[in-house]
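The two complexes that follow have subunit A in common; it is paired with subunit B in the first and with subunit C in the second.
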Partner chain A sequence: MSFRDLVGFAIGALRGHRLRSGLSLLGVAIGVASVILLTSVGEGARLYVTGEFATLGSNLLIVFPGKTETTGISPFLTEAPHALTLEDAEAILHHVRSARRVAPIVFGVAAARVGDRRRDVGVIGTTSEFLGVRQIRLRSGRYLPAGELARGQRVCVIGSKVQSELFGARNPLGEILHLGEERFRVIGVTAPRGLSIGQDLDEIVHVPVSRGMKLFNKISLFRILVEISSHQEIPAARRNALELLKERHEGFEDVTIWTQDSVLATFSRVLSLLTAALGGIAAISLTVAGVGIMNVMLVSVSERRREIGLLKAIGVMPRQVVSAFLVEAALLSTAGGALGLAAALGATRLMRTMYPSFPARPPFWVLPAALSVSIGVGLLFGALPARRASRLDPVAALARR
Partner chain B sequence: MIELSGISRDFQVGEETVHALADIDLTVPDGDYLSLMGPSGSGKSSLLNILGCLDRPTRGSYRLDGREVARLPEEELSRIRRQHIGFVFQFYHLVPRLTAAGNVELPMIFAGVERGERIERVDRALREVGLSARARHRSEQLSGGERQRVAIARAIVMGPRVLLADEPTGNLDISAGREIVRLLEERNARGLTVIVVTHDPDIGSRARHRIRLADGKIVSEENAVADGAAVGLRSR
Partner chain C sequence: MQRDFWKLAWESIAAHPLRSALTTLGIVIGVASVILLTSLGEGTRRSLVSEFSQFGTNLITIHRGKTTTAGIPGAVGGTIRKLTLGDAEALRRVPGVDALVPVAFGSARVEFGERGRDVVVYGVTSEVPKVWRFAVGGGRFLPRGDPARASSFAVLGPRLKRELFGEANALGEHVKIGGRRFSVIGVMASKGQVFGFDMDDTAYIAVASAHSLFNTEDLLEIDVLFSLGASGDSVKEGIREALIRRHGGEEDFTVRTQAESLDVLNRVLSVVTAAVGGIGAISLLVGAIGILTMMWIAVGERTAEIGLLKALGATRGQIARLFLLEAALLSVVGGGVGVAVGMGLGALIRLAIPAISVHTAPGFIAAALAVSLAVGLGSGVLPARRASRLDPIEALRAE
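Let's look at the complex of A and B:
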């Protein structure tokens, strides 16, 4: 018997009980769609994060005080016996050959006030190099002035949102902004950029690093960003910087240096894991759908006892009965899979139009995987009912009315 | 040619063994018209199932056209049923979702007959049972007699050597039943071996070769041809 005839027979049988077929098909569709949607969200998160890291600037070393005891994205830091200082930052710039730019950073939250408008803002204390390292664009004015690190002027550059909330439509350039008890003259406004690595740069105020340290009463830097001249130099630069800081810190290796690559790889790994976990959770619904197919096929077998008995009487072989029922189950699950795939692709497209910055996109392997998995589900869960059908005793099956 | 010798069929019912057939010897020559009669439980259906290779005897030998088939595996029995045996049942056993033509086509689909040839043979079989006009009707749109004619068309479409009919008129009114008997006899006249199980003496007595069963044994066998007597076609 030809495969085409087999499929034709199976389609005829499925049409014989449309509601039941439709419902179990829907079950598979929901299962497949949820697997695709959840993996798309996971994959979207991965693409989003890696994209964000790309905007961080290239060839970056990130130095921070303390030593990570474990690997992973959430560092458990031991107490650093030595502060990470501005002198450390300068030393890196001067002694690590491939270091092109160094941007020390302190970070804190301060109460900002302009006239009688107030709000809390994140304050980054850094240097003029931060502009290039973080690839920040200005909307108006200029960025923090270059100069000796220790001697910061009382000037600041504000994010676009800080501007609109504290100054309204007024031109903020040259105006005074109070941070805590201190007065800062606004010299620049950054262009809107939105979230970047969890920080909304539009809501940030940039001040010279020494001012920032005073403002927050810090003796240690929060980070030192080091831009390396080329990608190949990164491992060597990292080693050099570590040695240099160890030397400066009396032999204690009390800093951690992440390369952008390693951070990216870690995030990517974690998020791939997340994608797999989400997919795994969604796969449960696919299994449930498979059980649904099995149930429908079992009902079908017991309801069609006479038909199966007749098929055997007219000389249909047991293995042909098996393939007829398997094809039926596989058709159900494949049609369900195709439906689920279409629904999921539509939904991810909708998500992308609604949240353009979040690239919810099915992983590339989703199409072949969804179809082969749904065929597999049909064959797997159709196997038991098909065997049951093929073992039906024709004499008993036909004896009943 | 069907040759049964020493055929027994036992069923296990709980602790007890029921002897549905006990030591049956029977020869059915090609082109025979045989009726199996007897009260319910006499074993006539069991015998029919064994003759039709739907069931295997517990003991004994069944030679079909000289080939021993009593111990063949299921796959082989399926092939024999497909090629050599046609069934007609009391309750027709049409597949309800299929049209008359679809039901007749069914054995050929699974036997791997080409589509073009299938259509041709369906047409011919339906014409032979006088149902060409009903080819596109589903079974619920057909009367009992028409359903049984579809079943006969389905039984003959593979060109079998033996046609087995289990109470073929049991569910039909007199005139529809007469039409079915006429069709079966017509096939027999064209050389097909016809074996009918019935409890209706009017139908059973029409056969040239008549067997009565009781308690799984043959209690009487009449053979009009072997006895040399003319076979009168009594009307019912």
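Let's look at the complex of A and C:
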């Protein structure tokens, strides 16, 4: 019996029972489609987050005040005995050789008021460098003026949503915006960008850093973003910055420095793990589908006893009988896998057209994995029925009607 | 008649033991995975809720800043909204308020001799053991006194004490916190982790000392314990009014009762559990397709038998019911075994990894059984219809 004969035999058997074959195949299709869909959503989330980090600009160090070995909280503390100061930021720029740009940041929430319209806004106190480091684009006007850190003019740049809610259709440039008790002149509006890692930049007001510190009555910065000139220099730059700050803080190593890479890697790892877990749960349904295939194959073995008996009587080897049934099972499950794959790819494409900002797409390994898993399911669950068929005694099989 | 039905259905299941077992196995796997996943979710929810409610249920927390959809207000960054010690003291006069703790915190290095450790330092008052229900393991907690006055007393969490002193006595010793000298007057009893945050790896100092250490006058939050007789909502309202008066008519803070926080937590975790259980339920769907396939085959095989039944006067409805009953039996047995397997696996996980909490709510079991019954009936409909519509003469001829 040649391979072609085998496949022909299997296809003939499957076509004899279309509904039955269709249902067995549907089980595998549902399993494969749900695994691919869930992993695509997970992968989409990972791509979205990593993409967001990429907009932070590349080769960043992020310096936080405070350091703790207490599990579970570290980077969100903003209070430490030694403040992270503007002088620290300047020192990093001047003494860490590979530091190209430094953007000190204070952050807080303040009540903004224009005329009698008011709302709470997030306020970022920073310098002109922030524009480049965070890759912010302006819609009109200009960004915060460059110049000495300690000298802060009373000017601000507002997010597009702040503009529409406080100024409406009016041109805000040159107008006065109150933050708390202080007056700021609007000199620029940022282009709409939407959510960026938990911060909606459209709802933010940018002010000069020293103004921000006064506004929030802080002597410590919230964090310092340092852009390093090249990727290879990041570890050395991190070490240099840590040493420099330790020296400046009377020997206390009381800052935490993250590299953008390590943050990215952590996020990526967590999301990949989550994706794998969800995919794994969905994959349980593939086992159920496999059991279904096994059941149907067992039925078909007992229905075709005479046929099998005849094959054996004319000298077909048991091994060839096994192959015939394995091919039938594998055909069923592979067709199901292909159907599921097509359905899932269609669904993710639909998702991408409906939510263009969310890059739902199957991870690269999904295509080969789906195909090999569905063939594997067929072979694995086809094994028992195939063995049963090959062990039939030809005489008994033919004798019994 | 009714007994005959059951007998017939059972006999046709028993006639093909392997086939019936495999059909059921699909449902078993589906139900077991749903039960196991929802039990894990429910267990996690319960352990988080109990971590949360160990602080007591008659607690109200005040944060600076107004709540935003992002969650915890004012926890990150600065704000022009301040909560001060004066605010905290003023709240003592609100009816129903029993005790309160103003909280400031930051990170600092705690040193003893050559050893040092960077930890979270809380600035609080003497009422922490009462309000947070934290027990002191040795020595005593910070003494009562004017909260606006700094003091040089410190109380250590048990893990921090172990890291710095080992087994030696810490009481009466001097430690440096952020470079300043404090004398240790107490060590807390172990509290373990709360939301993955190690409560034992911390130090407590007077709130005014923390303010001077961290160079701020701001409170992160105020925790208020109200007396058991009072209603949480009326105390919350009292606090709100008192603070609005002090803040010049503006509501620039968030007051939340423990019950409200618990509510949010419960809702979020229930949604997660339902989602994961739903993904597990895809297996149930595939299992249902398995039942449908096998029943369809069975109708084909038993054409002659059905013809005979019809010839003997069985109505269409009776034939349909017979096959529905068979499908339902298969899947309910599968559901029952699935519940047992799911709970067994849950018990195994609990034995192997005690840190993971597993809890099967009775509601899940009832729902699993109901769903498996529905799955059986649903997947039996098509085959039952096919069987009931067979023409008896044609069917008998098929023999």
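Definition applied: the second predicted complex is superposed on the first by the 353 of 401 C-alpha atoms of A that agree within 3 Å, B and C clash if a C-alpha of one lies under 4 Å from a C-alpha of the other, contacts with A are read in each partner's own complex, and residues count from 1 in each chain.
Rule of thumb we're sticking to: contacts are C-beta pairs under 8 Å (C-beta built on N, C-alpha and C of every residue); 3 or more make two chains touch, one makes a residue touch a chain.
Owing to the predicted nature of the structure, the values given are computational and were not obtained by experimental measurement.
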On the A-aligned overlay, A:Ala13 touches which partner chain: subunit B = first, subunit C = second, or both, or neither? first
Touch count on subunit A, higher of subunit B and subunit C: C
Using the touch definition from the top, say if A:Tyr355 reaches subunit B (first), subunit C (second), both or neither. neither
Look at A:Ala83 in the shared chain and tell me whether it touches subunit B only, subunit C only, both, or neither; answer first, second, both or neither. second
Touching A:Leu310, do we find subunit B (first), subunit C (second), both, or neither? first
Determine where on subunit A the residues touched by subunit B overlap those touched by subunit C, and list them. none
Mind listing the subunit A positions that touch subunit B in their complex? 1-2, 5, 8-9, 12-13, 15-16, 306-307, 309-320, 394-395, 398-399, 401
Parts of subunit C lying in touch with subunit A, wherever the complex brings them together: 18-19, 22-23, 25-26, 29-30, 33, 37, 65-66, 68, 70, 74-81, 104-109, 117-120, 178-179, 193, 195-198, 201-202, 213-217, 250, 252, 276, 279-280, 282-283, 285-287, 289-290, 292-294, 296-297
The residues of subunit B that touch subunit A in their complex are 45, 49, 52, 54-55, 74-75, 78-83, 85, 87, 89, 91, 93, 95-98, 102, 106-107, 109-112, 115, 154, 158
Sort out for me which residues of subunit A touch subunit C in the complex. 19-20, 23-24, 26-27, 30-31, 34, 38, 66-74, 76-83, 106-111, 120, 179-180, 198, 215-220, 222, 250, 252, 254, 278, 281-282, 284-285, 287-289, 291-292, 294-296, 298-299
